[in-house]
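First chain written, first letter: the chains are A, B and C, and each begins at residue 1.
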């Protein structure tokens, strides 16, 4: 077991290194000069040059990269080109918002999706199956911003129950989390349904059914738990997707999360913020993947020796 | 008496007492209760607040509550008002003397004086300042005494006072700049009726009343500026009461509010002009007939009435009606009205009877995209096939500076001195302010001459001559001079639209 | 019996809708009363049912129904291109990883790397490098759809690789390539087909999201997501401008999802998706 964990940690570091290299390369491939953005559109060529020197962008690429890596190892993420605010502070402002949003939306998705999937599996082939899956799939079929804008219209404007602008309070996460959750609900429901079906068709379930009520209840509970394992994978994978894909929801609900920060920084050619932000998101995703896989390995010993 | 009856009796007594007591203490007809905070929404994101480095008009408009300059512009977009300077006099064509307001302190307590003015002005002309181009005329700022400065220009500079008023170099606390270093941009310290309290880049800026302001104190205790990128959410927040004032709104929001009496759509003069320019280094825009044909081919009046919601004024290049030197009799009638027939004739004359293909560089924003689509459709009618090239701001800025473009959209000024606009036509400013890459030695001479002509009568002649030549050559043309349109909850009192500021000290908000 | 029929019914509904979509796309020039990019500014935001405009006009006066019909072509194209890119790269990679364990680790690491990048941001960067436009946006979406297909193919290949008959074929002297194509790949077809169907659905949605931030189809393209994105400013005064493209996306994506679900049930009811 420890060997497995160590090996997976090694993979994680490899992926992190890959992310750093690819992000750095891609950023420098994008046309547009960060120094021009900072100096101002109407700055003279000398001013732009002066700014470029100040930001260290006039050095050859490998020197810039080396300097970045050395700083990274020292956990120095640098300062934003655009605001001179330490990158650490920018991330500290944005990451908690995105993380909370992702967690709450996955909670909602799980709480709604799992029961839907269970019902659909247990009542397979009936109208209930069709109905629950249709409801789940409705969420999978609409663009999130459409739903978000309409939720604001209904709950903030017409009913006045919730706020249209995010202000940091816990309740302000409700509408954005619901908006994000609709996509994941469907995936979770679908996965729950198919895993439940797979588990329910196995021999020991049939035996339990034959044995009678008490044995059935115990075994159904066991079945549900087993069925949930792949569901956890879906939840984990989706969490990573949601964490990075929140930019539209953040834009609609005026939340300054990682999405808006990174999109804004890419547009501003704010290299330090983009590099740090993408690395954080990638590490997040990798760590969650690792956690899910470890969970799997704990539950199913066969996987460890892969 | 039963226990229940006793309880009821007791309750009655309590309620009666409360009623009497509240009757005594309730405010009489003291008028509507006032709130102490106003919430304003901003659409474009705000990262830093130091106007030395930030060129966006949003930052300037917010800063106008916190930072002050020697002189400032009034609500009409033309009259110059004293602010931190009380009197001024032109000593010579190259120097002005300003008397400064006494007993003014910066928000950090340090005194405002001539040394601070020198510091504030000179930092705007620094090598790394984004405003450097606007202060390239500045030679020196001399401290005559604690409350007097002499400002010298490098050459006789007729619009010196107006430059100081329109470009508004903010006088900031030198101590603060030195102590805070790069952090100053997150919390500038000035002399205004409000001071910055917190600033979260890309999210929210909060300012609080300056209790030690030299003038009349602000009526509100606090103002919050919230960045709300989505137009629909801004409207929703206004309707739900979370926002009191929306800056810059779309025509659709105007329409949506027309049926809601608790909200008002207010208008006023704006400083901005939307215009389209031609890169005359690229064929076929080197031929003025082709350029004129394109202008004739675009229905600007219809564009104004439809996608701009009728807000604004269409005019001829290069001077907007708000600019000094604009001549109503000659300029009121468009020299380049919408005339597709004439356009086609001009194209044929220039050797393009079947039209031609070109590109139109725009920024990837909804408003630019809409303009691009309308221009594309209009020009198709006269045989010009326009391909839209929409990129993000950084790419467009670099691309147009390098001259990679054919047609492009850019903004310019709509109020103030003509010298705010003329640099865009000078050969010395190629790839910085002059992205048309057009020049004419005679126009260069006229522009330089009007810049140094102190006598306003003679200067007006020169200005109009230069403007006429530019109009005739048409290296660019305006889509419209904007008019500022904002949306406000009627509970907000005392707010007036200003072309450059979102000015709050006189504003109150009812409950 | 009822069970199978119920599931099949929804899949059949999905199939019919997709059929209608394909017909609309092919016959758009015939069916549409107006060209999709003809503007009529004085008649902008006309209500549905106005003369000549069954579904009304958009903010530049263009007929919405016509734009929807032409937009069907684009939506189909998006789905096809994205799936082609993702399958074209993902399936060979996954097959190689599953079949030959020398390549397994590096390919899986690369896949993990790709998965670590947040989708929209990757698309933003790719489009910034290559230039805006639907083609580059589809390329980006295709790229970040690759990992799913790698994993599915690899899992399928792994599950059959060591079976008796494959072993027999190898002993009999068949080349690796032949074994792969003849014996192993047919096994993967089912899950791949199912996933490809789902991918068409999500790629249409992703294209709409990219249009929201201005990265997808460029004006004046009648892509449904772009219609939603530009029309949404008028949500409070002219909701029809976003309602119809929104419905079109909803119905289309739902149809592909239903079809995918049905296919999966048909091909193997116990098939768990290995997302």
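Following the convention adopted for this analysis, a contact is a pair of C-beta atoms (placed from the backbone, for glycine too) under 8 Å apart; a residue touches a chain by one contact, two chains touch by 3 or more.
Note that the coordinates shown come from a computational prediction; the quantities given were computed from them, not determined experimentally.
> With chain centres set to the mean of the C-alpha atoms, which chain is at the far end from chain A?
B
> In terms of C-beta pairs in contact, which of B-C and A-B ranks higher?
When A-B is set beside B-C, the one with more contacts is A-B.
> In whole angstrom, what separates the CA-based centres of chain A and chain C?
21
> Could you please state the distance in Å, as a whole number, between where the Cα atoms of chain B are centred and where those of chain C are centred?
A distance of 44 Å separates the two centres.
> Nearest whole angstrom, what separates the Cα centre of chain A from the Cα centre of chain B?
About 39 Å separates the centre of chain A from that of chain B.
> Multi-chain contacts in chain C: which residues touch at least two other chains?
Correct list: 128, 232, 235-236.
> Which chain B residues sit where two or more other chains touch them?
If we look for residues of chain B contacting two or more partner chains, we find 232, 392, 395.
> Please output the residue numbers of chain A that touch at least 2 other chains, ranges allowed.
Where chain A meets two or more other chains at a single residue, that happens at 31-32, 149, 153, 251.
> In the complex formed with chain B, which residues of chain A make contact?
31-34, 36-47, 50-51, 54, 79-80, 82-85, 90, 93, 149, 152-153, 156-157, 160, 163-165, 251-254, 256, 260-261, 264, 267-269
> Enumerate the contact residues on chain A facing chain C in the complex.
Within the complex, chain A touches chain C at residues 11, 14-15, 18-19, 22, 26-27, 29-32, 124-127, 129-130, 133-134, 137-138, 140-146, 149, 153, 186-187, 190-191, 194-195, 197-198, 201, 230, 233-234, 237, 240-241, 243-245, 247-248, 251, 259, 262-263, 266, 278, 281-283, 285-286, 289.
> Can you name the residues of chain B that touch chain A in the complex?
45, 47-48, 53, 55, 127-133, 182-183, 185-186, 200-203, 226-230, 232-233, 236-237, 239-240, 242-243, 392-395, 397-399, 401, 431-433
> Given the complex with chain B, which residues does chain C contribute to the contact?
Touch residues, chain C against chain B: 37-39, 41-42, 44, 59-61, 128, 131-132, 214-215, 218-220, 229-230, 232-238.
> Help me check something: in the complex, which residues belonging to chain B touch chain C?
231-232, 235, 250, 252-253, 255-256, 299, 302-303, 305-307, 364-366, 369-370, 372-374, 376-377, 388, 390-392, 395
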